[in-house]
Amino acid sequence: MRELIEHLTPRYSLGAPVFQRPGLTFVDVKRDKLRALLLDLRDKHGFTHLVLLTAVDWLEEGRFQLTYLLNNRAADQTLGLRLYLDRANPMGDTIHDIWPTAATYQRELREMFGIAFPGSPRVDEEFILEGWTDMPPYRRDFDTLAYSQQTFVERGGRETHEPRATMKHKLYPEG
Amino acid sequence: MKDIDKSFKKDTETDFPLREEMRPRKVTTPDGQVIDIDPLQDYFCQEPPKVHRKSYSAIVEGFYNWARANSLWILGFGTGCGAIEMRPLMTPRFDAYRYGIQWRPTPRQSNLLVISGYLSVKTLKRAIRAYEQMPQPKYVVGLGSCTINGGMYWDSYNTIKKLDEYLPVDLYIAGCMPRPEALLAGLMDLKKLIRKGEAEGANRYAENFDWYKANQKSVIKDWDMPDYSW
Amino acid sequence: MGSLRDVLSPFTAWKHVIETPVTLKNPIGREAADRYRGFHQNDTEKCIGCGSCETICQNAAIDMVPVDDPKEGDSGLRPQIDYGRCCWCALCVDVCMTGSLTMSNEYTWVDTDPDAFRFIPGVDEKPWDAIAKGYQRPGERMLSGLTRPEMMEMEPEARIDNFDEIVAGYSREQAVLEADRCVECGLCVATCPVHMDIPDYIAAIREGDYDLGTQILYETNPFSEVCGRVCTHKCETVCAAQYEGEPIAIRWLKRHIIDNVSEERRLEIVGTPQVLPTGRKVAIVGAGPAGLTTAYDLARQGHAVTVYEAQDHAGGMMRYGIPEYRLPYDALDRDIAVIRAQGVEIKTGVRIGSDITLAQLKADNDAVVLGIGLHMGRSTRVPGSDAPGVEAAIDLLRRITAGEEVPVPKKVAVIGGGNVAMDIARSMARLQKQKYGAVGVTVTALEDFAHFLADKEEVTESIEEGIEILDARGPQEMVTFKSGKRKGEVKGLRTWKVISIFDDQGRFAPQYDEADEIVHEAEMVVEAIGQMADVSLLGDELTEALQWNRGRIAVDADGHTSEPWLWAGGDSVHGPDVIHAVADGHKLAASVSAMLAAKAEVAK
Amino acid sequence: MSFEWIHVAYAALTLFIVINYGMIMTALVRKIGARVSGRYGIPIWQNYIDLAKNIALRSKVTHGAMFYLGPVFRLTGGVGLLLFVPTIYGSVMHQNFSYAGDLILALYFVFFGTLGMALGAGESGHPHAAIGVSRGLAQVTTAELPLALAVYALSLQYQTIDITEIVAAQQGSLFNWTLFTNPLATVAALFGLVGTMMRSPFDVVMAPQEIPIGPPTEYHSSYLALMQTNRVLFPVAKVVIFMNLFFGGATNWAEFAVKAFAIYMIPVLIGVVNPRFRVEQSIRFFLKWGLPVGILAIVTV
Amino acid sequence: MFSFQPDRSQYPDIGPDGKFEIDLETGKFLKLWQGPNHPGITGNMSVELTVNGDEVVEGKTHVGYLHRGFEKLMERRTFIQVFPIVCRVCVPEPDFNEYCYAAAVEELAGIETPEKAKWIRALILEMGRFNSYMMSIGGIGGALGNGIVGQWLTYVRDLMLDRFEELTGARIYHMFILPGGVRAGLPEGFEGRMEEVLATAERYLDDTEKLLFTNAVFKKRTKGVGYIDPALFESYGVTGPNARAGGVAKDVRKDSPYLVYDQLDFDVPVEHDSDIWARATVRYRDLRVTIDLLRQILAKMPKTGEVMTSLPNVLHWKIPRGETYIKGESSRGEYGYYLVTDGSGYPRRVNVRGPSYTHAMALLEHLIPGTNIADVAALMVSLHTYPPEIER
């Protein structure tokens, strides 16, 4: 794995790799190099299996991380490619022509994170949610509890007490 | 557990406008008519359901209730996790058939809708549709904690918390998930209710139709539904 | 169409038609497995209402609701479980600090009323209350640590011949480990006399935010460094962690915060009074914890405070009653420095009654606060207790601290089983070791080990240091030399075995087994059975005017005596304990300050 | 024999007995099927309760006149089928109107019900019903092809199309049964029986897995009660024809009960243990296996 | 005679934009919805079919009926609080979630799993696989109109659920595999009772083989139907039995052994036809392997030892920043958890890679055109997909 990364790094200007454990490596990639890298990995290095494609919202850093997890099943090696997108106007490049199944992942990312993938089939159709009018729910700034409490009705009549406050109130109210 | 952010407020119109297909628009039907379509409107329930009176004769009603209780046809609609514990009921271990309980694949022939666990908003729409298609008298059983107060998904943005806001529920079975034995015990209790003539949820639904509809509409935004898609 | 076998083979399934069906005859109510996680049970006697179950419940299914009045170490709250939420994960059972919460193997609960699925296990009666089967935590609590990290201590050999501080304090790693064990229930806060925000400063340690920790400490306790070492830590006796495992080492954690903040930084964090001087004057008699705390509070409110101390150094019992190996003097000095920084003037070596009279103080000040402490030892009053060689522990301790020469015989017997007895025993042992290279101290305590008054670690450390501790021994007589050069001097202590200490009504009336008699050979017998206040400074007139309560000055809840200008608090009113004295100090300050404010109103 | 009004009462009695017999027997058959699964299955009187329950339902949604008439036609088919064949041979009370009808009429009634159902179900507007109907018509047609050929062979053999006469010809000995006199025709007819009893492998018409029970998917309450009645009556009526044509008829109710049950069990035996064919597979099956047997039956007469 | 093979030339194929050009206005096509309330659908999802006669020309899968936003919910629960909810991601085989999550947390937090706990985990996972296959094989019988198999095998599954209950204290959602180990050891006499279940299972499986796998009608319905070109496996992310039915002998248990699979002796069954028949058969054979594995695990498991390591106080458990991916071979294929932590007490992101996600979405949509309506249900069941793990 190390040789492969060393081999690919200059050509695709990869970031510093993280060797998580034998058989699992993460590395940062640049958006303009992604497609060539994926094709290279798939066709020349045996990374033919797209395990998953997902995003991580680094709200504080103002960017989305796209993770392309590729697997070389013969060598039992998994390579995670991390691609950072600007959070303000997230736009990814579709890879459904490389792996048709990526179209599904991209639909989900479009719906759940609001990341656009122009050209991906059915990407703008509703996928999981129906009649969703709020911000994409997997974004960090979407507060699911607040949304839930504003939208749905909960059964009332519940009240809890904090031990510390209760004891203060009852045992030493003066101080 | 993190505290909720009180400042969280939805500002959807500006940041996240409606999708194209959810906006009102004009559509040409196959036979050439131009009709207005508003996907956010519930076309299927324009006409409220009727309140059906009990039979005038107490003896007849009693006999009917006996028959209803002993011939419970359940709609085979697994709305959530609980569906997996309904399957053992149909199979040798628990064999609910011997209690007169059977499963029907179509709502038209079912009397009992078991909401087997949590209901996502998308499924709720179908469950309401299925419920409204069922003939009177019809019963709803809430299976599992999620139907009572949201259960495990109490803070989920996509599941309802109180089933009785949207459908008239006759009976709840607590647990996560309830075992087939508990489910069977619940169905036996439901039978007793039916025989006593107390399972009048359908009439309750009809009488409070506006209230139920308002609750449903507060949750389900998109009422556009393909024909016969329950 | 395939072979004929393919056509005929399926018909073999028909053999099942003659088999008995495998259906359960009556499945409803079938008993679940022994480990089944069903509806909750709670042993409400065992439960302390700490709320850990509520904290861990990811479904927000648990509410803590009051079922009883709170007591020390029991919030009076009990978990109420919402079965519209519960998912039977049993994390609440796993995390339960006392092991009171369990689950039965009952699982059927059907109701038409959705609001009915909520109950307080153990309080609301349910059919499954008596079921013994069900999920119980196998073995120990796994979700939080059981034992506290070993405190680094000097070995007995290394510490016995000197007065160096014994415990080293926690390292950062140890402290974080220990702080990690805390479940932040806050039961301890009520028990702490000054109600320190214990969970909060423990959380600050976890976060590594010592500045915040210091700030929290000083909100309630200006003697944080002292208390970090010698506090009686009542908080640890109610700690939720003690029921299965050791209580959180709250005292050591407090000390850890202070250890990590330099004196200068501490002064910065605590700061100086940010109010205008009020022009009011308050005199405080006694620079002990009560007096200095009062001074600290009042000074921060802008009042001019003067503290009068009879001894050469401030600190009172903290300095003169506690041996240096437990509380180094410089630690005390640092705490006092913070108080001084608030503008408090401390006049040492000034004895009220002889140097200045109380009447003078009354005249010069708006209020006078007495925090005189307990500086006189009580006597057993057994025969021979007035013989030479019989000493009061408190007096000896003071002399050792003050650097005075004290007699150090080879054999010493100590009467008493409290912390003071341990202090003097260990101090004498050190002196003996220095002088003779051997320890010869015997402690005889009235109580048996099960009801011992002294802290456990004091006892173990004493034994480690070679001190002999005999429990359940009642002193009967100081045996004196009947003749010879040393006639009249003590040569031993005669004790009987104690059968019981209190009678049926709970009065002090020890019963002895006279057959079990020991004479402890000793050239010095130290009485460490309690102290009393030296109230001679009050003068006859004031003594007459004041109200008394069993030999102590009677005060109201705020520490106000029957004289409007005089307050009293601390050990002399409430018995010996630093943290209580600090609490008293706060109370006195609040009361005095309220009075001064009222005065100011009137003046306007 | 001439028509008398009392025959109507007799026929009604026959109908009553047969319906009750059907109710009990179909429940029993379901219990037997359940045993193969390892269950007890429904109570034996469950069919009655279901019937009462369906009548007791309060709301009735209709999709137009044909929707009403569908079950009625279907029931008419069943009743007609039964009434124009002798239920009990030689019994005045239970020979029904068999003197008035013949084989052709019986075959007509077999089809009549299906067609009526098709119309009614089609009216319900449910796509699953429509698919079920189209499948049903296609399959029933081919499934009845061997039956029709067998009946033709039979009429050639006995030189009559009067059912009573065919039954009469089979009396006397076990070996007078068509089963033994013309086994090929019997087999061909059994293809038809198995094919039209709506059991696996030929039940794709109302396959719950693909088209939730097909044609009756929209039927409920009293409509369904009617169909239920028919569902117990129609198979028994069909079985009665087979009994009369191939198994020597029945001369008393006990014989009737045993024979009808035995014949009914033939498709059940096959159905319980087999998955179902797709519609074009079952059509092909009948054309490939049923049709030649039927032709052979005619040829060999 | 008649030709029932549809003439594909008259239907529009997939255009360059990946869409069918179907004009509903011609009246030639009919829209048909399978599901969500539909007996032919495994679980709560739906397929929108466009049919021409009995032939389906287009199928669109619609999911989301079971969406609970798990990945969002996990982000606002502490690491221990996530533990009870992960199993809910996949209802019929919940234990894989527990294992993958626990292993991911252990890796990032640097916790060692005790040896015995590994064995018990493997036991639980194989028991779950057993149940899942029982449902799948029963389901394929049911989808093709033979309910008996489903009845039998659900009964056997019930017996296994009793063992689950005895071991873990719950029937469906076991919540047994905690980060750091498992909750408890085996109860007294467990091996014996397990053996009874396995023997019963084998008896019923023998009967099933005679009833279903030696059945002319079943063969007729399944052979050659629902063919997946093995060349597409990589493109569509096909793993597990679905791939093994097409000759790809890949199994995570063999290829990158986790837990104790390197100490177990087993073969991975492979079929080559890649149709419904092959997929059903490969599952049936794998089920036999699972039964054998269960016996091996119980025999080889160490008798004593810790099952759980002490955790730090879980109420404020923080895990340093990092990310990892843990995978295992579930009954449906590669199951994985992608966990990202940011140093706080909450996971930054958890992504569940369920095999159904690729099998039931893109692959199914690719396979459906050209099939008969009657085969759609069987096709779906043969892919063995569980909707809850698609939408989470």
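By letter and in written order, the chains are A, B, C, D and E; residue numbering begins at 1 in each of them.
Here is the rule we use: a residue touches a chain if its C-beta (ideal position, glycine included) is under 8 Å from a C-beta of that chain, and two chains touch if they have at least 3 such contacts.
All values derive from a computational prediction rather than experimental measurement.
Asker: What are the chains that chain A and chain B both touch?
Answerer: C, E
Asker: Using each chain's Cα centroid, which is most distant from the centroid of chain B?
Answerer: C
Asker: Can you figure out the chain closest to the middle, judged by Cα centres?
Answerer: Chain nearest the overall C-alpha centroid, as shown: E.
Asker: Per the definition at the top, count C-beta pairs in contact and tell me whether B-D or B-E has more.
Answerer: Most C-beta pairs in contact, of the two: B-E.
Asker: From chain D, which chain is the farthest off, judged by mean CA positions?
Answerer: C
Asker: How far is the middle of chain C from the middle of chain E, if each middle is the mean of its Cα atoms, in Å?
Answerer: Roughly 56 Å separates the two chain centres.
Asker: In angstrom, rounded to a whole number, how far apart do the mean CA points of chain A and chain E lie?
Answerer: Once rounded, the distance between the two centres reads 23 Å.
Asker: Cα centroid separation between chain B and chain C, in whole Å?
Answerer: 58
Asker: So how far apart, in whole Å, are chain C and chain D when each is placed at the average of its C-alpha atoms?
Answerer: The answer is 90 Å.
Asker: Please set out, as single numbers or ranges, the residues of chain D touching at least two other chains.
Answerer: Correct list: 34, 36-40, 127-128, 208, 212, 272-274.
Asker: So which stretches of chain A touch two or more other chains?
Answerer: Counting only residues that touch two or more other chains, chain A contributes 126, 129-130, 137, 142, 144-145, 155.
Asker: For chain B, which residues are shared contacts with two or more other chains?
Answerer: Chain B, residues with two or more chain partners: 1, 91-95, 98, 105, 122, 148-150, 152, 154-159, 162, 176, 179, 227-228.
Asker: So which chains end up touching which?
Answerer: Pairs flagged as touching, ordered by label: A-B, A-C, A-E, B-C, B-D, B-E, C-D, C-E, D-E.
Asker: How about chain B: which of its residues touch chain A in the complex?
Answerer: Residues in contact with chain A: 4-6, 8, 10, 12, 15-16, 18-19, 21-22, 39-40, 121-122, 125, 148-150, 154-162, 165, 215, 218-223.
Asker: Which positions of chain C touch chain B when the two form their complex?
Answerer: 21-24, 27-30, 32, 55, 58-60, 82-88, 107-112, 114, 117
Asker: Would you tell me which residues of chain A are touching chain C in their complex?
Answerer: 155, 157-164, 166-168, 170-172, 175
Asker: Quick one: which bits of chain B touch chain E in the complex? Just the residue numbers, please.
Answerer: Contacts found on chain B: 1-2, 30, 75-81, 83-85, 87-88, 90-94, 105, 107, 118, 120, 122-123, 126, 130, 152-153, 155-159, 176-177, 179, 226-230.
Asker: What does chain C use to touch chain A in their complex?
Answerer: 49-51, 54, 62-66, 69-70, 72, 75-77, 82, 84, 114-115, 118, 185-187, 189-190, 195, 199, 586-587, 590
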